[in-house]
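Written below as structure tokens is the structure these notes are about.
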Amino acid sequence: MRFAVIVFPGSNCDKDLYYAVKDGINADVKMVDYRENSLEGFDAILIPGGFSYGDYLRSGAIAAHAPIINEIKRVANLDVPILGICNGFQILTEIGLLPGCLMKNQQNKFICEDVELSVENNQTVFTSDYNYRQILKIPVAHGEGNYYCDESTLNELNKNNQIVFKYCSNINGSVENIAGISNKKGNVLGMMPHPERALEEIVGSDDGLKMFQSILKSHMDRVNL
Amino acid sequence: MTLVKVYVTYKKSILDPQGEAIKKAVHGMGHTIIQNVRMGKYFELTVSDNAQNIDAEINEVCDQLLANPNMESYRYEVMEENK
Amino acid sequence: MTLVKVYVTYKKSILDPQGEAIKKAVHGMGHTIIQNVRMGKYFELTVSDNAQNIDAEINEVCDQLLANPNMESYRYEVMEENK
Amino acid sequence: MTEPTAEVIRETKLYKAWGLSEQEYKIITDKVLNRLPNYTETGLFSVMWSEHCSYKNSKNVLRKLPNKSKRVLAGPGEDAGILDIGDGQAIVFKAESHNHPSAVEPYQGAATGVGGIIRDIFSMGATPIALLNSLKFGELDGEHTKYLAEEIVAGIGGYGNCIGIPTVGGEIAFQERYSNNPLVNAMCVGVINHSDVKYGKASGDGNLIVYVGAKTGRDGIHGATFASDEFADDKETQRSAVQVGDPFMEKLLMDACIELVHEHSEWIMGIQDMGAAGLVSSTAEMASKAGSGLIIELDEVPQRETEMSPYEIMLSESQERMVLCIHPEFKNDVLDFFTDKLLDAVIIGKVTDDRQYKIYHHKKLVCDIPVSGLVDDSPEYKHTGSRPKRLDISDKQFEPNVEDLKSVWLSILKQPTVSSKEYFYNTYDSQIKANTIVKSGSDSAVVRIRNTNKAIALTNDGNSRFVYVDPYIGGQLTVIEAASNIVASGATPIGITDCLNYGNPEKSEIFWEFEQSVEGIASVCEKFDIPVISGNVSLYNEYNDKAIFPSPMIGMTGLLEDSSKATTQGFKDAGDLIYLIGETCDDYNGSEIQQMQINKVEGRLNKLDLDVISKRYQKVLSFIDKGLIKSCHDVSEGGLAVALSEAAFEKKLGFKINLNMTTKQLFSETPARFLVSVSKDDRDKFEDAVGDEGKQIGFVANDDFMDIQTVDSEVKINLNEALSSWKEAIPCLMKTE
């Protein structure tokens, strides 16, 4: 299985994701520059956290205009799994692959801590190795992670089971404690917490590992069909 | 040179945490006549004089970049820059 | 209700990294008629109708809170809110 | 505006306004140049000979600090020091103060302080792995101090989070003396392979000088001299010296420079960042190190503003800029490389062999000075100190009032200097890079080195109250405090960087404090074989003629060969036995309880026995290495009462202790003591190993109580009540009314 990690100017969790795939699940992974215009041959696309373009203007706003974006949209249509973490989530909302937006944290400050998440949907390619409502310990680190969408969007999210992760306690003002959502088809996931920072007990938790294993396993299942 | 001023604000229905925090600070300073604060962004764009279709381009830049239509709205003014 | 609009911008000599990054993005999108971008802040303050000395209070709020005199300057407009 | 002529400068003594003394001016005219310097040249001398660049007031004192050990690959003199950590790898670190800029413009001052120290690390070719910071503010009772604290912390986080280097630790203290002169010291640590090290050198006739990064504006002109001047209410005009940080630009620069060093080492001779005194300082130092000359063409320097004068271009402190010296045959490779990274790079000059520093502007030669004149010929001052009167006091110890133990205990936990700093450090990304094993909240931060078993322990420390009451012993204690933190995490201390923050050294009492405390620091470094490999001096920290407390900050690094052995301060399991290692004496002068109860600190400090402490460190390290202890916390501010509370808070485990000491001794700050917990199964093994030095004082309990018995009192405190006192104190004070 071949993963792509998209690198925008200013991305700073790109290497962490790279190691997560390479050392965490021993899969093939390549860094892909934002100027590239093909994602042919990749089985999963990872959009890393960090401050693309310094998060100047609005998180993810400038990255949304990079050349690679059209290609990301194209493969999203082909059901390729796309995972956006933190800034990656922000970019996915900016380019319309996911609904809603991420506003400044309610407390108006950056927040970095280990939080508890509940797996609200374990039927996605990203979460199949978790149990339903399993509680995970995963770090967050963001200033703009306050998920917002209007009421009808929220109803849609609930109806289609698109809310994948919720915070156990509301850390930033997100509607319904939302920490991560998927698109309707379930192949695009955006989340604020950083599973790539939770792969080994020694750094505080290995609860993120199953996420990458899920992606790998889902792929293998598909290939073996 | 032409100067275009763009104002981007949160939509009315959206809670503006920075505005709220500023309001509290303003009240703390004793300025209770200020009942509400909303915070937005302001841009000054310098446009070349011979530009055509300024409105079309500015609208595109605003729609696609300067404002996020999910939470923000914008308006702009075109003015001759007085040198 | 009275609406006061406050515009805060960096002083000319101060580096505006956000404006620079936005300018590059705008050019990348093909809008080369936009030659320069400066980014600032915009506030809408709702002031109670019976307020006196609005100017004095607004100036104080701007000087002490909304603008950072080390690097920013501000201006404001007082307008009747059309309900 | 036309610039004053050389004669006018001499007649009107304009140079004095720039910080050059008449005597210094005379050295320039009579010895260095044998003519009058023009406007630009006078400006260059004034910054290069400022304290900030030349260390003219402090060099003599700094020589006392040891800077050698088996591990030292590079010491003071480079952008940052380098220490071998084995396997062909090294760590590179330095700390830098940004006190004055932060007082004027707290967010940007702190942010650019972080940006500056990061550049010092990657300019050596190293990859930054961690940031720390040491902050000193006034008491949190005034709105201005809260504003400074809020903005400074936001600036540090804003920069570090954006560029993507974890901020893993630091310290924050509050004392009235820092109200208008806060201290902002930032430290950065990087890793590098020995073979990749690059030095800031411009050698080889004909090699080219490349400028890369942000454009030059009129930011922070005379920032270096400004840092060498005192603050006063009436100096409002200094406010022009504000720079804005652009962490996005720095991220691009950092990645590009590191890649350049790793992948294209043959293209470049040297790299240097532009820090204080911008272009002049970086290029002149590069030439000086190589014994060469330089020609710089100012018209090539990218400029953000129009009509900048040579003086302004040379002295600008615009951020996020680097200088490289490259081989001419790779010119296009280098320029293309940076273009691809979205960075502007241009050739601004070349290396010559005449040892002259020449600048051209609009085709005119505007400066022609011997490089050595700028860099090496600055005078050195030997001040003589005099002992401050306040130190003429008996060595009697302060008597704390501990009649109501519970209330004293809870009050001390609420003291801002003691209480939890989570409110601040939770806004720093401490986990990015996924290597942080121990983050803020324990004695030292521990960061592993990826793909090895190794980890580095890091701490910033400096208790300025001790230095104020007794500069020599106080200086010793700053190193002891840092070393105790490193040892408590299981790491062996290997090196130090410092920030030496004091008042105006031209005042003899201030100079005495400076000299004495540095001697104190040096004595411990010698004894423990911990070299000081980099650092920074910040003098003239005064406001309206009143100096800060003498505030040396020690940034210490330690090495853990086996990262899995990193130990934290919190009790782990109920039933574990609690031991105190090291004897507790009556040490209350300069302590937290003295400050709390009489609102000032005074009195002499007891002498230290460095032999005993050194042996104790070895012991503690061997316990951790053998896996004999489950937690380890050094006892510092607030004494055993605070140490016990903090150990209990981590996992919310209560304890029961029975002490063979007086109640007031719970608050004694006798240094280098350790509070450890041991599994019952290891009792015998541990007791054999610790001998007389450690005594069991109780055990970890499975309840919500801190149950304490001393020789003269007994009290039971609800753990949650204590925890909320400690945790809520700062958020509560920071609320604006």
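As written, the chain order gives the labels A, B, C and D, with residue 1 at the start of each chain.
In this section, contacts are C-beta pairs under 8 Å (C-beta built on N, C-alpha and C of every residue); 3 or more make two chains touch, one makes a residue touch a chain.
Composition by chain, UniProt nomenclature: A = Phosphoribosylformylglycinamidine synthase subunit PurQ; B, C = Phosphoribosylformylglycinamidine synthase subunit PurS; D = Phosphoribosylformylglycinamidine synthase subunit PurL.
As the structure is a computational prediction, the values presented were derived from the model and not from experiment.
Among the chains, which is located farthest from chain D on the basis of C-alpha centroids?
Farthest chain from chain D, going by C-alpha centroids: B.
Could you let me know which interface, A-D or C-D, is made of more C-beta pairs in contact?
A-D
Using CA atom averages as chain centres, what separation in Å is found between chain A and chain D?
Between these chains, centre-to-centre, one finds 36 Å.
In whole angstrom, what separates the CA-based centres of chain B and chain C?
About 8 Å separates the centre of chain B from that of chain C.
Calculate how many whole Å lie between the centre of chain A and the centre of chain B, each centre taken as the average of the chain's C-alpha atoms.
30
Taking each residue of chain D in turn, which ones touch at least two of the other chains?
246, 248-249, 342
Could you tell me which residues belong to chain A and also touch two or more other chains?
Expected reply: 53-54, 56-57, 62, 65.
By residue number and range, which residues of chain C touch two or more other chains?
As it turns out, chain C has residues touching two or more other chains at 17, 21-22, 25, 29, 39.
Of all residues in chain C, which touch chain D in the complex?
The touching residues are 13-17, 20-21, 24, 68, 70-71.
Please name which positions on chain A make contact with chain C in the complex.
53-54, 56-57, 62, 65
In their shared complex, at which residues does chain D touch chain A?
Touch residues, chain D against chain A: 154, 157-158, 161-164, 246-249, 251-252, 342, 426-437, 448, 450, 563-564.
For chain D, which residues are in contact with chain C within the complex?
Contact set of chain D toward chain C: 104-105, 108, 214, 217-219, 239, 242-246, 248-249, 304-305, 318-319, 342.
What does chain A use to touch chain B in their complex?
57-58, 61-62, 65, 93-94, 99-101, 103-108, 146, 148-150, 173
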